[in-house]
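To keep things simple, chains are lettered A, B, C, D and E as they appear, and every chain counts its residues starting from 1.
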Amino acid sequence: MSDRTDKIREVARKWLADGTVEAVVGWEQGTYREKCSPVLVRKPEDADRLLFNDRCTNNLMTYLKRDPVRGMEKVGVVAKGCDIKSLIGLLQESQVEREKVMVLAVTCEGVKKDDGTVPIKCQACDVNTPTFYDEIVGEKVASNPDPEARFKDLEKLDAMTPAERNSFWREELDKCIRCYACRQACPLCICSRCIAEKNQPQWVETSPHPRGNFSWNLVRAYHLAGRCVECEACETACPVNIPLMLLNRAMARTVKGAFDYEAGKDPEVQPPLRTFNLDDDNSFIL
Amino acid sequence: MSKIGVFVCHCGENISRTVDCARVAKASGQIRGVAVAKDYKYMCSDPGQALIKNAIKEHKLDGVVVSACSPHMHEKTFRKAVTEAGLNQFLCEMANIREHCSWVHEKEEPTTRKAIELVRLMVEKVKRNMALEPIRVDVTKRALVIGGGVAGIQAALDIADGGHEVILVEKDPSVGGHMAQLSETFPTLDCSQCILTPKMVDVGSHPNIKLYTYSEVEKIEGFVGNFKVTIKKKARSVDIDKCTGCGECQLKCPSKKIPSEFDRGLKNRTAIYIPFPQAVPARPVIDREHCIYFTKGKCKACQKVCPTEAVDFEQTDEYVEEEVGGIVVATGFDLYTTDKQGPYPDYKGYGEYGYGEDPDIIDGLQFERLASASGPTGGAIQRPSDGKEPKSVVFLQCIGSRHPSKGIEFCSKICCMYTAKHTMLYKHKVHHGTAYVFYMDIRAPGKGYDEFVRRAIEEDGAVYLRGRVSRIYRSGDHLIVKGADTLSGAAVEIEADMVVLATAVMPQPGIEGLFQKLGISYDQYKFASEAHPKLRPVECATAGIFLAGACQGPKDIPESVAQASAAASKALILFSRDQMLREPVVAKVNENTCIACWYCVEICPFTAISKKDIRDRQGNLIKRVAEVNPSLCTGCGTCAATCFSNSIDLDGFTDEQIYSEINSLMAVGQDLFPEPEKAEGDSPDEKAA
Amino acid sequence: MTYAYYPGCSLKGTAIDYHTSALALAERLGIELKEMEDWVCCGASPIHQRNPALASGVANLLLSLSEGISKDVAVLCAACYHNMKKAEVEMREDGKKRNEVEELSGIPFNPEVRTRHFLDILDKDYGLNALKEKVVKPLSELRVACYYGCLLSRPPEIAFDDPEQPMIMERILEAAGAETVSWSHRLECCGASHAVPLTDAVLRLVNDVLASARDAGADIIACACPLCQANLDMRQEGIRAKLGVAHNLPAVYFTQLLGIACGATGKQVMIEKGMVSAVPLLRAKNLL
Amino acid sequence: MPHMTLDRTDLPSLAEALAGQGRRLVLPVREGQELFYREGADPAQLDLSSIPKNSIKEFLFPKCEKILEYEYSGNDVIIEDVAPDAKPTVIFCARPCDAASLPVVEPLWNWDYKDKFFNERREQTLVVTYACRTAPDEACFCVSVGLSPSSDQGSDVMLYGVDESTVAVRLVSPKGQEQEEVFAKFKKGEASDEALEGFAKEGDESLAHRKPLDKVKGWLEEHFEDPLWEDKAFRCIGCGTCTFLCPTCHCFDIQDESVFDAGCRLKNWDGCQFSLFTLHTSGHNPRDTQPKRYRQRIYHKYAIYPEKFGKTLCTGCGRCVAYCPVNLSLYDVVATAQERAEKGE
Amino acid sequence: MSESPQSETQKDGAGLPEAATSWEPRIVAFICNWCTYTGADLAGTSRMKYPPYVRVIKIPCTGRFDPLFMIKAFERGADGVLVSGCHPGDCHYTAGNYNARRKYTVFKALLETLGMDMDRVWFSWISASEGGKWVDTIRKFTEVIQEKGPFREYREMIDVG
């Protein structure tokens, strides 16, 4: 780990010194418990703020679509394999220009959540050693994804009757306070004006009552279907602990099954809702 | 506050028999924003329309709902009426209480209630309707015709005769296409060249036609009425203005062993050549692949002998730009090859039949050349291997066509007819010979077609065997054709001197590249797709592009010509006005919220959405957004539904309108948790009573 | 490279030379053909006429025996291949059929298991280039007529090459240096199924095949089916007696020729077993 | 004056007894890894192991509240006022920092307009606070804003877990004293004032590393433009978790929701971290970047609100530190301000 | 025409049926202009009969269908929602229905995950010539909804606020 930290600092320092990039987005040590925190480094001498360890959970790609990074001519970003999946999504949707980003990939054995547990995305990780980058640091880490991990949590939903599922979600979604932390944390929620903030007409009611919460969470999951790369940032950010990844993974499973598509794999492939096949499933339509 | 007028039609008794029209009018009058509501016996009649017009003036209405029949029936009528009263036509909508209500329900309370709700739904929509103006698009009144076969020739001549300039682009050195290769044509047996050649000459000399032979379409930009086309004129190595077409060069050319494309390899040509005597333009071209000068650097025999110094070895490909308003695609067909070396590598060939290995196994077009008076044998039927007159010829139909395991499921449509013709041509020249035909079904549905096939069988004695052939192999001087006659149930073996394969009609190899440039769709076989198989068979989904001939699917000459004239008339309709008017039901982009994800660009089937740069006064790029070209947009709304930032809306079916329609369905004060009513009586009439 | 090997009953009896030569060849190529345990007759050719479901059931049983060896079942006999592949494809594509068969055989169908003819394995898995490297005695000047018979490439659903114009055997033998001839009767039926009840008809069919090969200039016929080989080989005496035509054209297995090309002795590939002996011809070409 | 003591095991019964008088009961229970104040939870599930993730704010100022209804009638609109759905409530085992938030926000709801919705609820709410002996979480910094882990600000009753089995009761306010009989039913013994003294001492000691923030206001007034804002707030993703979990943040949004011919007006939680919060109809946004919005929050809490109401709009509960998804610690920012003020920067 | 346009019939005393006095199914159908709408017209011209509880909202093409429409319809008290358009290959705009089909697939799975009662969400392709299919579909849908009663689960959510 410290080895990777050193190398990240070295590369960042070099990029900043020779003008390759204007700034580097990375992680620095946080102040609460063991948390790390995103940081923007603009000067070579500040490169030593950067580090990498198993608490570098934040997906830094979310900063590529925000000020001030968005306006930069060229920016470096430190990224784990899972974070790069988001970048691929942003490239597919033309939100980021490839030549404006220098990806400093870092190999990763998996991170830990604040409570010390291993996130599902790490259990199912197939990109411990990233393959899409400009520069990579760290020894190669073999991926050994647990094939069950990704959709394991869905089994409990699958086992419920529709009515049980409905009351499960009613209870969960009633907690929603419409802070939109899920949206803000998501690197692929790219709209400058979210549908939930449009009021002519008001498709999604903004009040945190059951009907507004239901349609908001439904729309969020729908708009991320086929796009979500399962980085888990939304669920981590949610202050009221709604299990958002259950919805996201249910969508991912659907998209995989119906269109044989997985988000975040290939920037050249069309996302599933931007194309169609003549022989797509027609069985459910009368 | 809106001032909407609601006009409820009784349609005689068609509506009022089951719907209480007066109540519908009264209830409509109580909807907020409705200034006047009336019912009347026949709203579409003159007095009915007058009622609407007067109400518009009297109440200064800003919207009209006619509650009557289906809008497919009378929307145009009422929109015209409100226009006459000074209201924008798009502020008039119809609530369909006849087809969707009075005709399909019993006379009972819920039926009238439904009618009221349908009116209310439309009132809420009309409140949010906008005055729209038809979209006007300038039209360049010139046409591009791609392909110089009979379809392209016909389309070009029709448009040119209509008084508009035509750019005709042909990839080969001469126009004429496959029809020029044919001997006689079914079902009349008139000489193909005799009827085609005059048209070729016309095309060459028509003042309105600009002919680019040996040329290809390189690039197409723009949209209906305003296409910009880049044409690549391939280096011909002959200055056709200087050349007189005397043919001296052909005589002197030392490279004489090149299989002639026109004669399907049954005859050779030289490296500098005029493809056939009647070619238009009758000017040679140098085949640089085979020319000794171009391959070895020495020769120039043609240049030396040319009396007008027309041969120009330095010529290079030239690119010209033309602006046109409409495009006719007439790229025609080619034949499926029966060996694996052909241009369709995706398809399995017929190696088992030995085409390409045995010279006496030929395809239909080769037979045409053999039978043609201008062909390699001067019209005598001689087998290619030794020039002997074949005493028996076996014709096989459906080679490739209707054969899913070879990758093609469609019927090539023309083979039944031309095979019958071949047997006749053969029998007329070889009186004692026998013609055998292996067929799957005989498909001859055309004027005089079935009679023609009957004649081949009954008068000319062609032996028709229903079945397929398993194998053809040489046995000494003969070809043994082994097959099945499924009518008699017997296996048959025929000793033949020659075998003719009626191979499938396929699109020109690689033609999808052109279709992609044009932005038109094509099917799995790469045949161009029409906009609607029944109602718009000659138009592409992309506005301003029309189809003619076999590029769309197998066709015979009459069909190709008919479709070419139809395509020409579509182009002429386009050219009949200085500006086109289009329904203003088009998408529009909210540039403030567009995030340039390009979902809409990718998903639009009409390539109507493009990427636009927004720049400041210094020219710096501020942001990029999607832009809808209203000339191309057809108003399907797929982009609007796909845009997840909700930055696209569709005029005529805006989000606001649809939202209001949905809202109108929630009745005020409605009990949300009523108990389902238990059915008490069987007759629904009881409730109404 | 290890394959689950299913010999089938012919290869342990009349076609022992096919079996032996295939193993000798495989050994020289470094391919392991590991014979499956407890195999039974595939039931070709009467079973599918009597009870199609049972035919598939037997095939399913045989495929299941490959477990622990390989997902690919190597088969040499054309009839076995035909029977097993057909069942396999049907079960993979037709859920109803699959349920029926699974119920009947009491064995779950594993869609990952595939029936593979040895020709296909040599062509696709082993590769012609690799094969060429193993050739120590090129079959040069040997003019071979490759005979497929009627079962090996049909129907199209189970074919591993063009069903009407297969060239796989030609490709492989040419890789071993042989010259192959173009001839008409390569896919004709030899009549093996009717060998007993309709011997005269069979003689005529075999005669046609042999004549066609001879006319095309072949020295020898290569077979990939035990029934074809037996028929082409042992009917020649009958043809001489009844039809008065002496072909004297050896019919051998492609594995025998390839084995020799790869350095096996005649004994190792049992080349002397044929009734119309190939030995003089091969000696003459310096291959033995 | 001696205080009565109870058995700790009687706390659930006490909660039920307090609620038994027709009050709704709110108390902290465990959900997954964290605690939450929940209405209607089973008192037996009472969990005092840590500080809940949500604050008690939502029981006085709900996330969504209807304030009026309207209906069209012809061309008129009929407006009907909605009465607050305030219910007698007991918040059982609130944390001192949560209880202390009530007196902090009271002036806001009673400034130029007296908010009947908040006031009626406040009136009907009994706050029974469970004192922290030491800081329950690393994020705590109540001492920095003049409170302490055992502060009784805003509480009606204080409970002190004096040892593993005993809880001492102190009736703080008249509202609390009214409940004496209920508590008396569970009385098991008595404890002296001295027995509770340890709380103040141990509490302060556990937060000895936290600075006083007395100079922050002055520093802020001088440093509206400072690189600190850009550097710290770069990471802020504007999720609003801090404002929504904060016991003192009180911004709300007014939404009209109508269906066809009728509708209602709703008061919903809002937060200054959202770009829409200050977006004008014209399209202009005075706080158009996240650092500006972040700065605003600090200013409001530590300069503007104190200026206006004389109270810091923060009780040091630390939720914004602990739950910030990008670990942007408010304490770090204000402590930096304090430090720089001390250094005279 | 003897009757003057001005002499409009105005019957008094008829109660205005704003809402049903007892529960009736509320079915909202989003249908495309070219196929299903015309198919429903055909049902009318053929005088076929079906229950009067469906309310049609016309859209140009199923491609225009945004799943938000369906959610809003439920929010407004619909007991069932039908979306219907041209059969695959028949789309007036060539591809709108193919794009719509992908949206349906994803959205349907989402609703299923959320435990929505999927008997209340129907998709169909009904061509301009399939008046009979339109009638059958509406009949069956109405029967199902009548069997199930009001969509209480969703209406509970509406009742708040």
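Keep this in mind: a residue touches a chain if its C-beta (ideal position, glycine included) is under 8 Å from a C-beta of that chain, and two chains touch if they have at least 3 such contacts.
Fair warning: this is a prediction, and the values are worked out from it, not measured in the lab.
Novice: Enter the minimum step count from chain A to chain C; a value of 1 means the two chains touch.
Specialist: Step count on the best path from chain A to chain C: 2.
Novice: Considering only chains that satisfy the touch condition with chain A, which of them also satisfy it with chain B?
Specialist: Joint contacts, listed by label: D, E.
Novice: Of all the chains shown, whose C-alpha centre falls nearest the centre of every protein C-alpha atom combined?
Specialist: So the chain sitting closest to the middle is A.
Novice: Write down the chain pair with more C-beta contact pairs when A-E is set against B-D.
Specialist: Result of the comparison of A-E and B-D: A-E.
Novice: Taking the mean of the CA coordinates per chain, how far is chain B from chain C in Å?
Specialist: Roughly 50 Å, centre to centre.
Novice: Please report how many Å separate the Cα centroid of chain B from that of chain E, as a whole number.
Specialist: Those two chain centres are 34 Å apart.
Novice: Per the centroid of Cα atoms for each chain, what is the distance between chain C and chain D, given in Å?
Specialist: Measuring from centre to centre gives 84 Å for this pair.
Novice: How many Å are there between the centre of chain A and the centre of chain D, using C-alpha atoms for each centre?
Specialist: About 31 Å, centre to centre.
Novice: Spell out, as numbers or ranges, the residues of chain C touching 2 or more other chains.
Specialist: None at all.
Novice: Can you tell me which residues of chain D touch two or more of the remaining chains?
Specialist: Those would be 64, 257, 259, 266.
Novice: Do you know which chain A residues sit against two or more other chains?
Specialist: 195, 202-203, 205, 207, 209, 273
Novice: What part of chain D is in contact with chain B in the complex they form?
Specialist: 71-72, 74-75, 259-262, 283
Novice: Quick one: which bits of chain B touch chain A in the complex? Just the residue numbers, please.
Specialist: 592-593, 595-599, 602-603, 642, 644-646, 655-656, 659-660
Novice: In their complex, what parts of chain D are in touch with chain A?
Specialist: The contact residues of chain D facing chain A are 31-34, 53-54, 63-64, 138-139, 230-231, 234-235, 237-241, 243-245, 253, 255, 257, 266, 268-269, 271, 274, 276, 289-290, 321-329, 331-332.
Novice: In the complex formed with chain C, which residues of chain B make contact?
Specialist: 348-352, 357, 405, 471, 473-475, 480
Novice: Can you check the complex and tell me which residues of chain A touch chain E?
Specialist: 157, 160-170, 195, 203-205, 207, 209-212, 214-215, 218-219, 221-222, 225-226, 246-247, 250-251, 254-255, 258-259, 272-273, 276-278, 280-282, 284-286
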